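Below, chain A partners chain B and then partners chain C, in two separate complexes.
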Partner chain A sequence: MDKKKIAKVASFRYKILAIIFLVLAGGLVLLPKYQKQEGIKSEALLSHANSAERYISTDQIANKIINQDPSFILIDVRDEESYNNYSLPNAINIPLKKIFDEESIAYLNQNEFDVIFFSNDNFYADQAWMLCDRLGFKNLRVLNGGLNKWFTTIINPTKPNDDMPDQAFELYTTRKASSMYFGVAYPDQVITDDSSLKTETPKQVITVQKKKKKAAEGGC
Partner chain B sequence: MKELEKVKRISIVSTLFILAILIGVLTFERPKNMYAINTKVTLEKLTANNYLISLNEINNPNIILIDVRSQFEYDKGYLKNAINISTPDILSQENQELFKEFKDNKKTVVIYGKNPQEANIPFLLLYQLGYDNLKLLAVENNYLQNKLITSQSEIEKPIADIKAFIDESTKNLKTTNTETDKKEPIKKVITVQKKKKKAAEGGC
Partner chain C sequence: MGPLIPNGMIPIEWDSIIAIFIGIVFGFVLESSGFSSSRKLAGVFYGYDFAVLKVFFTAAAVSVIGLYYMDYLGYLDINQLYVHPTYLWGAIIGGIIMGIGFVAGGFCPGTSLCAVAIGKLDAWVYVAGIMIGVFLFSELYPFFEPIYNGYFLGNVTLIDSFGWNPYWVIFIFSMIAIVAFAISDIVRKKIKSVFY
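The block that comes next holds the complex of A and B.
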């Protein structure tokens, strides 16, 4: 009796096996859903966002521009109108809305230059940073305080009071000198200083090479 | 005898196969906090929707205030009925459950920090995780003699017209004595190489 039963089940053995494999194969369909997640993990994104490293100060930027450091590009994420009115020297205008356009991606997703986002303060710049960082773009920074801080620290630095420490005066002199570089003129300026104003910053040519997608090569 | 050998081999192989799949399934690490929307959709939503809320709109029983400052600052003072979830803890399991609960109960979650910039990060992160019941409170919190002062703040408002300021300073100088060259804004020459579309090469 038992033997008969076993034989009966055994005659189905291939079908049973086939069904088990089919069910397991069905399970595989469910797995890749998690991998459809675009970009880096949310935990990693949060820890990147919390690190202060992603900010760059206005003094650092002023210094870089004056020294003609070729290693960075400035991205102005404000609208075109504000960009045309005033922007940092050599900045490229990519309004926040357009950061994922094909031409913009070429600037943002490359390894040659540091990308520095800025806007009026760092609200929109942070948003641009956050979206690009999630996609895993490298070397992204945000100008801390944006153009408002740029104005209060570099363009129009406040004169320190007499009772402030030496460093404050040193910082003020540096900032004042940088503001002259960026076109601000002071009434107490010595005339010989003017030569510094006349020197034009050389044009910087930035070539961003797009990653070329290779055409599918033929098999066989 | 030959048949038996065959069956034996098949069963060994299939057991191994099933085992491999089981191990794979069991050890598969499911990402804890998953994005619900991709970056493009996020950007579209950000630019299309108004996610800001002002101070006089928060006196609504349907609104839940989240304070993303540190515990220390929260203890010094906070807005009425606010819950403290500081930015680094925002993805912890219990907090995520809390946010889920708020979403299921159709509450509006309003995030605020020391300033809108500070609230921006947790807001954007939660937004990408799919919580669309989020708002950002555009306020600045300062302390005056250990008392919390909350004031409305405007986001991305330029504090000064920098170009006008620079022009003004050069103009002042001209009227006094010297001449200065007005600096022309330097246009950057940028060459972007356009992607060439290659014709698909044929396979076989």
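The block that comes next holds the complex of A and C.
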């Protein structure tokens, strides 16, 4: 009895398989589609974003530039006009809007150099960092405080008060020295070439004693 | 998650070992399903045995459906899979030569090695022919090179080049497969059965 039933079903086995096959294939068409998550996982992005390691300070950058450290590239994410006005030495201009252009990606998605983003504040640089980090690009940093902080710390460092600790003075002198590297002139460091102060060198009078004529002496 | 090797789930050093294992299993399945017989393979061209058509069509359709379900469920990223590069005219001319060789010899390169393993003499001759072909191709390589390296279209799929929806392509492909199976069964019943 059971064998007969099984045989009856089994005689349709190819048709049943064909139907299963079509249902599975049709299921792919009918399934609701969704936008897939691209890039790294959200947990990883959050932990990267919370890490203080993604910032680099202006002092560190100044130190790297002065020592001609070849291991990093500076990316200016402001627009072209501001870039042409002022930027850090050897910075590359990639405005935030063009960050995923083909020629920009070559700079950002590589493993050889540290990429350091900066803008006026770290606001736009942070956005650039976030966009790139999400796609899994490596070694990305943000200049903490951006160019504004660069000006207040490196280019125009504030002089510490007398009651400040010793480290503040040391930091000030380091910053002052680096600002001089970037072309700032300090009045106390300028070697003046003032000709009016020059005193005329007195003429040296060399007295030459003339030989007195002597009366001819008798020879032999 | 997947594919397993590019995402580091399986270290890349296991590649060759896995390849050898898959090769052995593939050869075993080919032999056990009778694909080491040139008469069975040639049957698809004469209409008395459609096992080749059925096996390869089913394999392609089942795997593509499985892959897209795994992609949908997030177990596999379909964009990370290796896509074989397309050299258009090289593929067309090579396909024609391969087809002629298939009808004439009754083997494809994989099944010929399978048949060599079970000691078929015609397979030995076939493999010797392959070797002569390889030798001639290598000697005449400078002459063939423009076609061999030309007409390069990149690692494209039908979906990329025509902008088709992959899910519909799979559905239509499966329907074509079922229709082809049904027609091949009808043809096989009409042809006088051949003993082999």
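Convention: the second predicted complex is superposed on the first by the 166 of 220 C-alpha atoms of A that agree within 3 Å, B and C clash if a C-alpha of one lies under 4 Å from a C-alpha of the other, contacts with A are read in each partner's own complex, and residues count from 1 in each chain.
Convention: contacts are C-beta pairs under 8 Å (C-beta built on N, C-alpha and C of every residue); 3 or more make two chains touch, one makes a residue touch a chain.
Quantities reported herein were computed from a predicted structural model and do not represent experimental measurements.
Participant: If you tally the residues of chain A touched by each partner, is the higher count for chain B or for chain C?
Facilitator: Greater contact footprint in residues on chain A: B.
Participant: Quick one: is A:Leu24 in contact with chain B, with chain C, with both, or with neither? Answer first, second, both or neither.
Facilitator: Both partners.
Participant: First (chain B), second (chain C), both or neither: which does A:Lys8 touch?
Facilitator: neither
Participant: Touching chain B and also chain C: which chain A residues?
Facilitator: 21, 24, 27, 31
Participant: Applying the document's contact rule, which stretches of chain A touch chain B when the two form their complex?
Facilitator: The contact residues of chain A facing chain B are 13, 17, 20-21, 24, 27, 31, 34, 37-39, 41-43, 45-47, 49-50, 78, 82, 85-87, 89-92, 96-97, 99-100, 102-103, 106-107, 119-124, 126-127, 130-131, 134-135, 147-148, 150-152, 155-156, 182-187, 189, 191, 194, 197-198, 200-201, 203-210, 212-213, 215-220.
Participant: For the complex, which residues does chain B have touching chain A?
Facilitator: Going by the criterion above, the answer is residues 7, 10, 14, 17-18, 21, 25, 28, 30-35, 38-40, 42-43, 46-47, 87-88, 90-91, 116-117, 120-121, 124-125, 128-129, 155-163, 165-166, 169-170, 172-173, 176-178, 180-196, 198-204.
Participant: In their shared complex, at which residues does chain C touch chain A?
Facilitator: For chain C paired with chain A, touching residues are 61-62, 65, 68-69, 72, 167-168, 170-171, 173-175, 177-178, 181.
Participant: In their complex, what parts of chain A are in touch with chain C?
Facilitator: The touching residues are 14, 18, 21-22, 24-29, 31.
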